[in-house]
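Attaching a single structure in structure tokens format; questions to follow.
Lettered A, B, C and D in written order, each chain numbered from 1.
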Amino acid sequence: MNVLYFAWLRAKVGMGEERVVPPAEVVTTGQLVEWLKARSDGHAQALADLKVVRVAVNQDYVGWDHPIKPGDEIAFFPPVTGG
Amino acid sequence: MNVLYFAWLRAKVGMGEERVVPPAEVVTTGQLVEWLKARSDGHAQALADLKVVRVAVNQDYVGWDHPIKPGDEIAFFPPVTGG
Amino acid sequence: MIRVQTEDFDPGAELEAFSAGNGKVGGICMFLGLVRDYLGDDPEKAAQVRGMTLEHYPGMTERQLEAIETEARSRWPLHDVLVIHRYGRLDPGARIVLVATASSHREAAFQSCHFLMDWLKTKAPFWKIEHTEDGDLWVDAKDKDDSAAARWDQKK
Amino acid sequence: MIRVQTEDFDPGAELEAFSAGNGKVGGICMFLGLVRDYLGDDPEKAAQVRGMTLEHYPGMTERQLEAIETEARSRWPLHDVLVIHRYGRLDPGARIVLVATASSHREAAFQSCHFLMDWLKTKAPFWKIEHTEDGDLWVDAKDKDDSAAARWDQKK
């Protein structure tokens, strides 16, 4: 699956996009977060406080128990500040 | 005093403006209305139903017991419909 | 600023001049009122209005609009206010009124613009006569305009 | 119509094209958002912002804005909706966003425009970074934007 990071999450992770293949038992957005945090200090810092992180699956806002599957586009970003 | 009529009140009275000198006992807008109604059928028709008439003295909205005096500009008109 | 005029205006040019150069303005809200081509509240009565004429009370109009502007500025932190209202004969589709407010904050811009339109509708001495196929009709004041204006009394 | 772009836009020209020729439009409400030259909510911190950069999530931005437009059209009788949102580097005073709604009735125009801005603020995936004398600062989301958007939930 394709994972995207925006704004200060991108800065902390150190990249805007990565392709990942998590193990089969990672089936929710929340589980993906835990798995991603083990990949690097940058990931761990970016995803440390989920109160200031939003997640979208295939460009729709979802919660931390939302199912994920191979091929999904999963994006992590801070609360939005446009307009 | 100078009396002005606007919109359909002007059409009913048959003029937009007239100078009048009411007797000394006419000291409120409501009393002026009663005195004006006796001037012509047009006046009587225009001022028959005060629920659909507004009055301004010297360009400020006032009520029917507002004092009037020589030299005032007194206007009668329907509820406004601008904007 | 208040302008009462027969001439048309250019909303884009007005907006450009209005917002120019004040770096503290974060939001501008603008309302533009147009002459509709149908009668009353029913769009199905289309193309029956051949135009309208707006009569006003010179002097009192400006006085009331200035009072409304002053009231808006006392309620919200505004950098600028513009009200343009036309009178005279207007064709269907013509611009009637423009209200614009500029503030540092969008909520103040929205609310003050809305307030100005609602108060203008019930306090500025303008009267519309519609020119229709069946003759000329004075437009009646609407109860909903009174209630729209009244909600700002409660918020004061 | 939704447009997400780096280029500037001309609000007057947009407004002219937006309102052209529909005789059923009685009111147009427009909101224009600009880059302020000060930080946070304090106008006294003037001239500290040298500009900002707006990042967004291409694809999701358009998708969310279209969903917001659809929602607005389902709630109010609108003849037209326009949302333009810029991204990339913007100088102080630059235009960021334009929202315009056209309806037969002013209340629908005002409410829908206000709704679009409030929802856009909390749902469209844009992020601002302010370039200041002291470095670059990501702008924090504001609670008051959430509560502004939430009031429309209650009204539904």
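Keep in mind that, in the parts below, a residue touches a chain if its C-beta (ideal position, glycine included) is under 8 Å from a C-beta of that chain, and two chains touch if they have at least 3 such contacts.
Everything numeric here is computed off the predicted structure, so don't read it as measured data.
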* To do: Please identify each chain that touches subunit B as well as subunit D.
  => C
* **Whole-Å separation of chain centres (CA-atom averages), subunit A against subunit B** => 72
* Between subunit B and subunit C, centroid-to-centroid distance (C-alpha), Å -> 26
* Structure fact -> CA centroids of subunit A and subunit C: separation to the nearest Å works out as 48
* Structure fact -> Per the C-alpha centroid definition, the whole-Å distance linking subunit C and subunit D comes out as 23
* To do: Would you give the residues of subunit C that are in contact with at least 2 other chains, written as numbers and ranges?
  => 33, 106, 117
* Could you list which residues of subunit A touch at least two other chains? => 83
* Among all the chains shown, which pairs meet the touch rule set out at the top? -> A-D, B-C, C-D
* Structure fact -> Listed in rising order, the residues of subunit B that touch subunit C in the complex are 4, 6-8, 56, 59-61, 75, 77-83
* To do: Within their complex, state which residues of subunit D touch subunit A.
  => 33, 54-57, 59-60, 63-64, 85, 96-97, 117, 120-129, 138-142
* To do: Please give the residue numbers of subunit D that touch subunit C in the complex, ascending.
  => 10-13, 15-16, 19, 21, 23-34, 36-38, 41, 43, 46-47, 92-93, 104-107, 109-110, 113-114, 117, 144, 148
